[in-house]
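Just below sit the structures, each encoded as structure tokens.
The same chain A turns up in both complexes below, where it pairs with chain B and then with chain C.
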Partner chain A sequence: MKKSIADLMKIRDEALKNMQLRDQSESNCRVVVGMGTCGISAGARPVLRAIIDEINKRSLNNVQVVQTGCVGMCRFEPMFDVNINDEKVTYVNMTSEKARQVVVEHIVNKRVIRDYTIGKSENE
Partner chain B sequence: MQIYRSHVLICGGTGCTSSKSLLIKDEMISELKRLGIHNEVQVVMTGCFGLCEQGPIMIVYPEGTFYSKVKISDVKRIAEEHLLKGRIVKDLLYYEALEDEIVKSVEEVDFYSKQMRIALSNCGVIDPENIDEYIAFDGYQALIKALTEMNPEQVIDELKISGLRGRGGAGFPTGLKWEFAASYKDDEKYVCCNADEGDPGAFMDRSILEGTPHSVLEAMTIAGYATGANKGYIYVRAEYPIAVSRLEIAIKQAKEYGLLGDNILDTGFDFDIEIRLGAGAFVCGEETALIESIEGKRGMPRTKPPFPAEKGIWGKPTLINNVETFANIPAIILKGGKWFSSIGIPDSKGTKVFALGGKITNTGLVEIPMGTTLRQVIYDIGGGCPDNKKFKAVQTGGPSGGCLTSEHLDTPIGYDNLVKLGSMMGSGGMIVMDEDNCMVDIARYFLDFTCDESCGKCTPCREGTKRLKELLDRICTGKGTLEDLSRLEELAYYIQDNSLCNLGQSAPNPVISTLKHFRDEYLAHVIDKKCPTGVCKDLLQYFITDRCLGCGSCARVCPKDCITPTGEIISEKTGKRRFVIDNSKCIKCGACIQACPPKVSAIVRQ
Partner chain C sequence: MRDISMHVLDIAMNSIKANATVIKIMIIESDETIRLIIKDNGCGMDKETLNSVVDPFFTTRKTRNVGLGIPLLYQNVKRTSGKFNITSSLKLGTAIEAIFNRKHIDCIPLGDINETIISLILLEPLIDFIYTRKNSFKKYVLNTKKIKRVLNGVKINEKEVIDWLKADLLNFSMAF
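On to the complex of A and B.
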């Protein structure tokens, strides 16, 4: 179908959301999910899928989701870090549901959910 | 719109495709399905990444992980380890991407970090078959800007400010050419893209068409607007099937979006593009021969003037530019001519794409700012000659160019600088030669090419190149005389001065430049009847040294029966004599060397 200039701008913005991933200088938010054997067996895959789904739903285009291996604290798995502007927060004992909340609260609203972080859990 | 957490970019250029990158892509997709992560990871087939030597190439984002020489059997590991579990498969990385166990991203390895990409900026980054990905990276923004905010004169002015010169060979200022084309009024006018790319070893234009075909379409449309033309032709050789099919897809998509056709973006401007396939003759890259070919005639040059800007296709005003020239234009319109002219050196602005080939470690495609030195390109980016061989010369400008020596390595690359040294920029072939290359043989190789490709229309080129080649043949086979050398020179200048088109005018360049820089090699062939590098087989002589034990193994295999026991007596007891080769009958097949027992190794080749 023939596109107007406004249509083209829309196409550009939409497509860019996905493609920003290929521009390494753009992102300032990075979610690092533990995907060691420990993580996967504790249910890291559904957590990862939930994160991506939530990011997708909200069109958060400058969030990178990467995986990492075992970080040595297997009892806390599934766990992931959220890095925003080089500040790192580690969330532990995640479920799909909690992960979705983290995306909304932490990444969108910029409010850390203290209850889910490693500092809180270690003190328990 | 689906957002993926990871993108796997696989090179779909001609080089990597021929080493099965399409199958690698299919395998990757099926592995991702098997692992259930195909909705999280996107697989994209892109254009050429440039480092063809290391193909097939795969880049995984967001990390920018650079896998090289990927095999189908490696795909499973990359999918399971990297994409599922996030562990980079280190042993499959490009060797330079791993330094002291630290993984470098694709932007950080030397080959890329020293380049600057304008014409190639989308190659290896976007899916060339998806117009949306082109649009995402500012595609068609330049067209919107030109059509809605600029009048044709302003577009041409911007090009003039940019200092862009033609990338197809002659280096004519592009803004000026557009101005000429715009100045001729006619009911029909044309824009033509020269994608004939006939230089042996050159593949810049092919890679642009394969990697970012929309850039060329967008620029041609802008050219139509600026010069008052409503119809474009892309003349591309039929030997580039991937480029042709991507162009076809791109044209179809652009038409669907209304970016080609009638009333583009509701501005009232009409422009359409058609592909014309060429049969791949070198001379058809010459603009007037190209016009003849588009008109359905035999590809032979016309005399100039009139230039195509006045009388081109069907006798109508025609603007002809090279693929790479066009590929620079959207960026110039978007970022301004000033920005472009800030890159490079006074007479040569912007960047140039080179196809590195010959005796060089990183064979492939590089784009560098003008003014970069040959040394930086050959050593820092190209990695120098393989196997620690010594650099001898570099041929720029393909068969029409000349060779430059190690003395010239610190020359900043630019149109005028290369011409001053007796070579030229040409379309961007860069063939490196090391100590094992015979320069007379190299000159003969290029002459062989131009002699074959001469269209035959004018005598100096048709007959002259043939005679030049015969002279070189004589020299390479040991039949040359000193007189032949002066005849070679005389004829070379004659052809240069008297040929009809640039094919003939530049055909003697390889001879003239090798004669100038490597005269000693010619003299060795002519006077000593020796080829210093051993490339010219006919000048090799086989000898049997005094290590010979007289066994006769060599004589028994010699197909010409020219080895006889006629040397001095080796052993008084048996009366055996050393064997001797009659070099007047020897055909240099090398069978005797193979037959001589390794412990003895009495036969040498000099």
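On to the complex of A and C.
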């Protein structure tokens, strides 16, 4: 355990150095993951982890990930919203693979993946 | 819910909603049982609410009239002829205790509890989590309050810190 804490201190010092280098622009992108009972039992946890992992991998510092409860559309879970500049897109029936695609296509490349959105699923 | 770790995430979400600032999660294993305790210092519940939490047709939500989190846990515990207990007092917080009979054929597995703990820390970095895992040989405690003290302003949900937490959790769960 002692050695482990020493490692943590090293990480802290490293992070403090990086923090000054990082650009401090305000976050303009918010991802809201449904984490109610329905979401969790449908597999929201791996989806959430995939989103955060992909964001970290690409150092997307201005993306904020938050949770919300059940929004009443349990049959579409796992689902999450991507809000960029107050424009909301809801992605439904997510898996960790699909979630990674959404991060890359929507958040990085700014192209909505229509096939995964709620509008598409509802018409089927 | 496929495993106990999912229930832990779900029940902890209730604590978050109750504006808890400290959430204690304990998993105590023996040969016969898995004991799960989740305790928070959130807003708590009054007697009437407390008596109806295991009823699936009770919920605090105004929009719908079902709430399944606690009923599902209750059901999974009772299926193993285990014990379920919930206590709460207004403004002080709530505690849930669930004892699964692990020898029972219907007992769901523990699941990836480390992932649940990491997910909670990622989602709510400002809340303090005290996670204890214990069996008759070993005890592991992760207290985010202590870790934040070491971090001295660096966020606990920074990628590198999360990687460290993951390694630390994994290191100890190998011994279980």
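Methods note: the second predicted complex is superposed on the first by the 99 of 124 C-alpha atoms of A that agree within 3 Å, B and C clash if a C-alpha of one lies under 4 Å from a C-alpha of the other, contacts with A are read in each partner's own complex, and residues count from 1 in each chain.
In this section, contacts are C-beta pairs under 8 Å (C-beta built on N, C-alpha and C of every residue); 3 or more make two chains touch, one makes a residue touch a chain.
Since we're looking at a predicted model, the values are computed, not measured.
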Looking at the overlay, does A:L16 come into contact with chain B only (first), chain C only (second), both, or neither?
-> both
Figure out whether A:Q64 sits in contact with chain B (first) or chain C (second), or with both, or with neither.
-> first
Does the superposition put A:R75 against chain B (first), chain C (second), both, or neither?
-> neither
For A:S41, select first, second, both or neither according to whether it touches chain B, chain C, the two together, or no partner.
-> second
A:K120 contacts which: chain B (first), chain C (second), both, neither?
-> neither
After superposition on the shared chain, which partner residues are touched by A:K88: those of chain B (first), chain C (second), both, or neither?
-> neither
State whether chain B or chain C is in contact with more residues of chain A in the superposed arrangement.
-> B
Chain A residues contacted in one complex by chain B, in the other by chain C = 4-5, 8, 11-12, 14-16, 19, 35-36, 40, 48-49, 52, 56, 65-67, 69
Which residues of chain A touch chain B in the complex?
-> 1-5, 8, 11-12, 14-19, 21-22, 24, 27, 30, 33, 35-36, 40, 48-49, 52, 55-56, 59-61, 64-69
Contacts from chain A onto chain C in the complex sit at residues 4-5, 7-9, 11-12, 14-16, 19, 35-38, 40-41, 45-46, 48-49, 52, 56, 65-67, 69-70, 72
Hey, which residues of chain B end up touching chain A in the complex?
-> 1-7, 9, 40, 42, 61-64, 84-87, 105, 107, 125-126, 132-133, 135-141, 144, 148, 256-259, 265-266
Which chain C residues qualify as touching chain A in the complex?
-> 1-2, 6, 9-10, 13, 16-17, 61, 63-64, 67-69, 72, 115-116, 118-119, 122-123, 147, 150-154, 158-161, 164, 168, 171
